[in-house]
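Have a look at these structures, which come just after this line.
Consider the two complexes below, in which chain A is the common component and chain B and chain C are the respective partners.
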Partner chain A sequence: MGVDGIGARVKRKEDRRFITGKGKYTDDMTVPGMGYAAFVRSPHAHAKVKSIDASAALDMPGVEAVLTGDQLVGDGVGNLICGWMIHSKDGTPMKMGAWRALEPEIVRFVGQAVAVVVADTLAQARDAAEAVVVDYEELPAVVDAVAAMEPGAPQLHPEAENNLIYDWEIGDEAAVNAAFDSARHVTSMEISNNRLVPNAMEPRAALADYDEAEEHYTLWTTSQNPHVARLVLSAFYNIAPEHKLRVIAPDVGGGFGSKIYIYPEEMVCLWASKRTGRPVKWVADRTEAFLTDAHGRDHKSHAEIALDENNKITALRVKTVANLGAYMSLFSSSVPTYLYATLLSGQYDIPAIHCNVKTVYTNTTPVDAYRGAGRPEATFLVERIMETTAREIGMDPAEFRRKNFITEFPHQTPVIMCYDSGDYNASLDAAMKAADYANFGARKAEAASRGKLRGIGMSCYIEACGIAPSQAVGSLGAGVGLWESAEVRVNPVGTIEVLTGSHSHGQGHETTFAQLVADRFGVGTDTVQIVHGDTDKVQFGMGTYGSRSGAVGMSAIVKALDKVEAKAKKLAAHLMEASEGDIVVEGGEFKVAGTDKSTPFFQLALAAYTAHNMPEGMEPGLKEGAFYDPTNFTFPAGTYICEVEIDPDTGKTEVVNFVAADDFGKIINPMIVEGQVHGGLTQGIGQALLENAAYDESGQLVTASYMDYCMPRADDVPSFNLMTTETLCPGNPLGMKGCGEAGAIGSPPAVINAITDAIGNNDLEMPATPERVWRALAAARPAQAAE
Partner chain B sequence: MATVTITVNGKKRSATVEDRTLLVSFLRENAGLTGTHVGCDTSQCGACVVHVDGKAVKACTMLAAQADGSEVVTIEGLAQSGELHPVQAAFHEHHGLQCGFCTPGMIMAATDMINRYGAKLDEATIRRELDGNICRCTGYHNIVKAIKAAADAMAGTAQAAE
Partner chain C sequence: MYETNYHRPKTVADAAALLAKSDEAKLLAGGQTLIPTMKQRLAAPSDVIDLRHIDDLKGITETGGGGVRIGAAVTHAEVAGSETVRRLIPALASLAGEIGDPHVRHMGTIGGSIANNDPAADYPGALVGLNATVTTNKRELSADDFFTGLFETALEPDEIVTAVTFPAPEKAAYAKYPNPASRYSMTGVFAAKLADGSVRVAVTGAGEDGVFRVAEMEQALSSNWSPDAVAGVKVSSGDMLSDIHGSADYRANLVTVMAKRAVAAAG
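The block that comes next holds the complex of A and B.
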């Protein structure tokens, strides 16, 4: 390994532009003649649109156009789609209600757009949007998923009786029932997973420019996957054929899932640019982000676990109701099914699992994948019921988990997944040691002497990343293949460009991907440029989500590097009159092993392009591409231990120590991986303690700004204690598992297990606000006093 | 309409703007300095922090007209002759940024914090002082480390100069 190679803590190449204010985000782009879009949005959660009167708005200064849903539908712009087909257990397909980018008839959530104003300035557009008069007839609304299924509940879509989208199941129900019939102990509990708003710091934005002469569109947008955006905009929304549509995702300020989807606003900007004959820019304000970015989580579950006389788990039975909001967002259907129920085995050897999932429409913002996507919900359920069971049977929670760990690999779970590698005892041991688990009692007593309640909780999570083998996901209903592509372009002067279909929006690809090249050829990362985020430059790509850029995106780069290396070695052998098998690459040079003959990398590159002296039949140039389709999911896993101190007078929780022991397989840049974990942990702690998307009964999102939605601040979290244990993933060339989501997946149950340990009351929902903790504590006290 | 003249990063910038124009819009649109970002509408996120007459100010919460005649320093004006400011260098060294969107505001707030506290800055103070700056990527861990390192480095430099 060179200084910049695999495993090195290389400082980020991309930092300089961000720390000097030279990053280029979508809102930083301008095009001559550009107009600004402002959307007219429904203030009602459910209403008929009776009429839209734009006459006053059209008379206002600078206003170019006011466009509505009737015009959009009239122009043949397609409805938004959900790209993953799920069938109910009775075999019927999921019930997809029509979702138009501007709604002409019935609005179904607060913030849904009914019209757009285009004007010379943003202020003029916003003023005019206020002046558009929409006559609504309010309809009754429903926001809770369980209530939405009840008879007499307001109905959202004619296709979906009782608002039910699908009623899906996985696992062997009869085997599970039999195991429960003969169980020695059963623990059952209700488990909620609170609704969250992703809140990437850069709000979504779009700048669309239609060139009439070329009939060509350019769209700059905040996307995690510009090629998927182009594909969907082209194939389903009828905006333009793919070769007439260029999508550029420049610097993107965070995504966390929310920038996977193709939303109404980007489509409308493209359409409006053609309609008005000028470039159109839109940037969400923060409240628009709260109202229209796809939300995350929102599950209500009933879970039961069965044990035999040796405290070994014999079965898990789960019934979940998932709220998908008013419409089916792009990958929404896959989240509470194949990204959730397939992980319900956790790190444990559970012979039988059955899960039933009902997904439901409500008059709320659509819900889709948010950092972790299904896996946090699974982990929270499994790790809460594991902890609760251990307490009920009077066994140390660590020992109970250890007793049920999977220890042999590969391990086929009863819910599709085949875990390929792992060492769950190793991460549990590492975390317990780092957390000084053995001496917790002394710390608890010390805290008690100060009038504080101290608790400790753990979470042994597993997740599935590297999504995913195309054939496998295709058989499960995915509308796309989930491979990745890469191209390695060696320039005649020996510098290297790597074109990748992955997209970096904070993950540091420009550095880690360059490390792969540095490692391979012994060149400095400063001679490597990573190119991404532009459909005109990169041939195709599936983008970045599901912690896939390492395990899938980098595997594609490795394949392309293999091809470049093979050709370069052949050429080197020819030039140095040696056998191809004797060529080795070291320190930026091609050498003939056992001799002093060598050719520097840049000379070899030049020789490939001058082509004056090539082996027989070899084409000039040095550029190779590859597509990589994974053979399996990857399975990062680990143990998180959280220690909290609670002030019993206020109910305020302080996280006093947080240990994370992760197995991510091979790590390319530990500094960047640690950063991913820090961020994930903070989002998970945010879910556990602070964050909640709260609707009132009428369907108003009452937490639609940073005044009301509690984002984690610096003083809400501690400095973290991180470590890794390593088992390599056998399924990809680098042995990588993925690290982007683990922190957010594993941390919430550790926090809640710690708090419930401290207060002696297991009945506590997220977020565990001071009020909730104080009330739970008060509820536990009479019982404790009576003991 | 108001004619506003603001010295931005040492250079006088004049424009006639609507009265309601915010300082952040003036900087981004009139001065063409897009390093100052807008992440919310309620003065919570701090992506827009700049220095006005030597003090950290949220540029989304001040009218351009209020800054008339002021000296403003933005993220673009922090590095001198291509040399990174110690806070910028520390954010790079300690991986104190990921997507980079909150970073300009973080660095400007951190610089102001160090100006006020100097070497006395400890972790608890840094975390409390960052109340007005939200980051969704880093979990603050490395931002706190970077600010502490910059404070120490700047105190060392100040001492050496004495």
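The block that comes next holds the complex of A and C.
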């Protein structure tokens, strides 16, 4: 390892421009003649659009155009689609309702766009948008997924009877039922997973520029996957053929999943640019972000677990209702199915699992993947019922888990996944030691002397990253392959550009990807440039989500580096008149082993480009590309232990200690990994204690600003106690597993297990607000609460 | 934001004259409520009259009777950091230091806060709890008379708060339970024993009519200044605000809890 190589705590190269305010985001882009878009949005959760009168708006100063859904449909712009086909257990395909980028007939959630105004200035566009008169006929709305399935509930889409999108199952139901019939102990419980708003720091934005002479579009946008955006815009939305559409995702300020999808606004900007003949820019304000960014989670489940006489788990049975909102977002169907139910085995050897998932339309913002995507919901369910079961049978929660751990690999679960590696005892041991688990009793007593209730809770999570083998996901309904591509371009002076299909929007790729190159050729990371986020520059890519950029994106870079190294060695052998097998790379030089002959890397690069002296048949240049398709998911896992203190007078929870022991496989930059875990844990603690997207019965989002939607702040979380254990992933060349989502996946159940331990009442939903905890405490201890 | 006309008067009289000229004018004191409301297009004042450049509204001075006079345009950060306030009424300085966040505290002003009378604001608790006097360009009012309801004050349409005068108490403290999202007060209790021996308990954040006093707590503390004296006093949840962050029952509980803590903190 060099100073900049694999395993080094290299400071982030990109931070110089971010910290000095020099990042270039979509809103920083300007094109001459640019107009501004403002959307006319529905104030109703469910209503017929009877008429749209734009005449007053069109007369206002600076207004270029007011465009509606009728014009959009008339121009042949396609409906938004969900790209992952799920079939119900009866074999019927999922029921996808029509979603138009501007809705001409029936709006189905508050904030849905019905028209767009393009004007010279943003203020003019907004003034005119207010002057567009839309005549709505309100319809009854439903926001709760369970209520939406009941007879007589308002119906959203004619395709979906009782608002049911699909009724899907996985696992062997008969085997599960048999196990329950012979169980010695059964624990059953209701488990909810609260709806969240992603809240990326940079709101979504788009700048679309149509070049009439070339019939070519350029779109700058806040995307985690610009090539996928181009593919979908081209193949399904009929915006333009791929070779006439360039998508650029410049610096992007956070995504958390919400910027995977193609949204109506980006489509409309492209279409409006052609319609009006001028570039069109739109930047979401924070209210639009709350109302239209795809939300996350929103599950309601019934879970049961069966044990034998030795307290070994014999079966898990789960019924889940997932709220997908008013329309099926791009990958929404996969989240509560293949990203959720396939992880229900947790870290445990469970012989039989059955899960039934019903997904439902409601008059709410569409729901899709949000940091963790399905895996937080699975982990919360598994780790809550594990904790509850341990309490019911009177066994230490750690010992109950340990007794049921998977210890041999590979391990085939009953729900598709084949875990390739791991050491769950190692992370549990490390976390328990760091948390001083054995002496918790003394700390609880000390807290009690201060009038505080102290509790401890753990979570042994597993997740699946590095999505995913293309053939496997194709067989499960995915509309795309999930490989990644890379190109390594050595310049004649020996500097190196790496073009990657991964996209960095906070992950630090410009640093970690450069570390790979530094490690390989012994050069400094300052001589390496990472190029990403532009379909005109980068060959192709599937983007960044599902903690895949390490395990998949970097594996593609490794394959390309292998090819560059092989060619360079061949050239070095030729130049130094040595055998190819004797060439070694050391400290930025290609050397002949056992001799003092060496050629610096930059000289080799120059020789490749001058091509004056090449081996017979070798092409000039030093540039190689590769596509990498993973062979399996990767399985990061670990143990989190949370310790809380509750103020019994107010119900307020303070997280006083949080230990995270993660196994991410090979780590490239520990500092960046720690940053990922800090962020993930904070989001998970936020979900457990603070965050909730709440609708009222009429379908208004009542938490549509930071006055009401509670984001975690620095003083809401403790100084985290992080550590890693390592088992290498056998499925990719670096042995990486992924670290981007683990914190958000593993932490919520640890927090809730700790609180319920402290208050002696297991009946507690997220977010565990002070009032909820206060009420749960009162229910558990009526005498004390009444004092 | 809608178009508006911005004014920067140099005197209170000029500001009052501008205010009297238009029914749709608004005073800008610190802008911590007005500006976000305008940006969201929920307010559309024809004229915005900026009070922040009027010298007569600035400054913190010790009054003859050992109290403190704070100009209406003094920011929360200035109150929190004022040597005079910290020496004479430390509870007031610490209350100001807990308002919002550093950005809010460096922009928001005492005059703006009390004239807006947000039921979740902190200052109304201090004014009523300390029996402060509000001075306007027209008159002086007691804090009890100044706050009249939710976002309502006794201010007349062309009246401008110029200063607030606080008497120094024998002891006082403010105990705040912040709304976890907004960090406004979900329930804040200001408990004070004044120099004349009288006791005041003022509650902000919880009441559906804004700041209110709890007579039963004041009586109990008059004879026995201790947390135990208020521990058994419950307020009616029927008069409490209720929202997604806290029900009326929960806020009623917090009034008692925070009152105990305020009394304990006052010593």
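FYI, the second predicted complex is superposed on the first by the 781 of 787 C-alpha atoms of A that agree within 3 Å, B and C clash if a C-alpha of one lies under 4 Å from a C-alpha of the other, contacts with A are read in each partner's own complex, and residues count from 1 in each chain.
In this section, contacts are C-beta pairs under 8 Å (C-beta built on N, C-alpha and C of every residue); 3 or more make two chains touch, one makes a residue touch a chain.
Keep in mind the model is a prediction, meaning the values are calculated, not measured.
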item	value
Which superposed partner A:Thr20 touches (first chain B, second chain C, both, neither)	first
Touching partner for A:Tyr706 - first (chain B), second (chain C), both, neither	both
First, second, both or neither for A:Thr769, with chain B first and chain C second	second
Partner chain(s) touched by A:Ser485 [first = chain B, second = chain C, both, neither]	neither
First, second, both or neither for A:Thr287, with chain B first and chain C second	both
Which of chain B and chain C A:Gln112 touches, first, second, both or neither	neither
Partner chain(s) touched by A:Leu681 [first = chain B, second = chain C, both, neither]	first
First (chain B), second (chain C), both or neither touched by A:Gly506	first
First (chain B), second (chain C), both or neither touched by A:Ala694	second
Intersection of the chain A residues that touch chain B with those that touch chain C	123, 287, 706-707, 711
Chain C residues touching chain A - in the complex, by the definition given at the top	1-3, 40-41, 177, 180-182, 244-247, 250, 253-254, 257
Contact set on chain A toward chain B in their complex	11-12, 14-25, 27-28, 123, 199-203, 251-254, 256, 283, 285-287, 505-508, 671-672, 674-675, 677-683, 705-707, 711-715, 717, 719-720, 743
Residues of chain A that touch chain C when the two form their complex	123, 126-127, 130, 287, 649-650, 690, 694, 702-703, 706-711, 769-771, 774-775
List of chain B residues in touch with chain A within their complex	18, 20, 28, 33-42, 44-45, 47, 74-76, 78-79, 84, 88, 91-93, 95, 97-104, 107, 123-124, 126-128, 130-131, 133-145
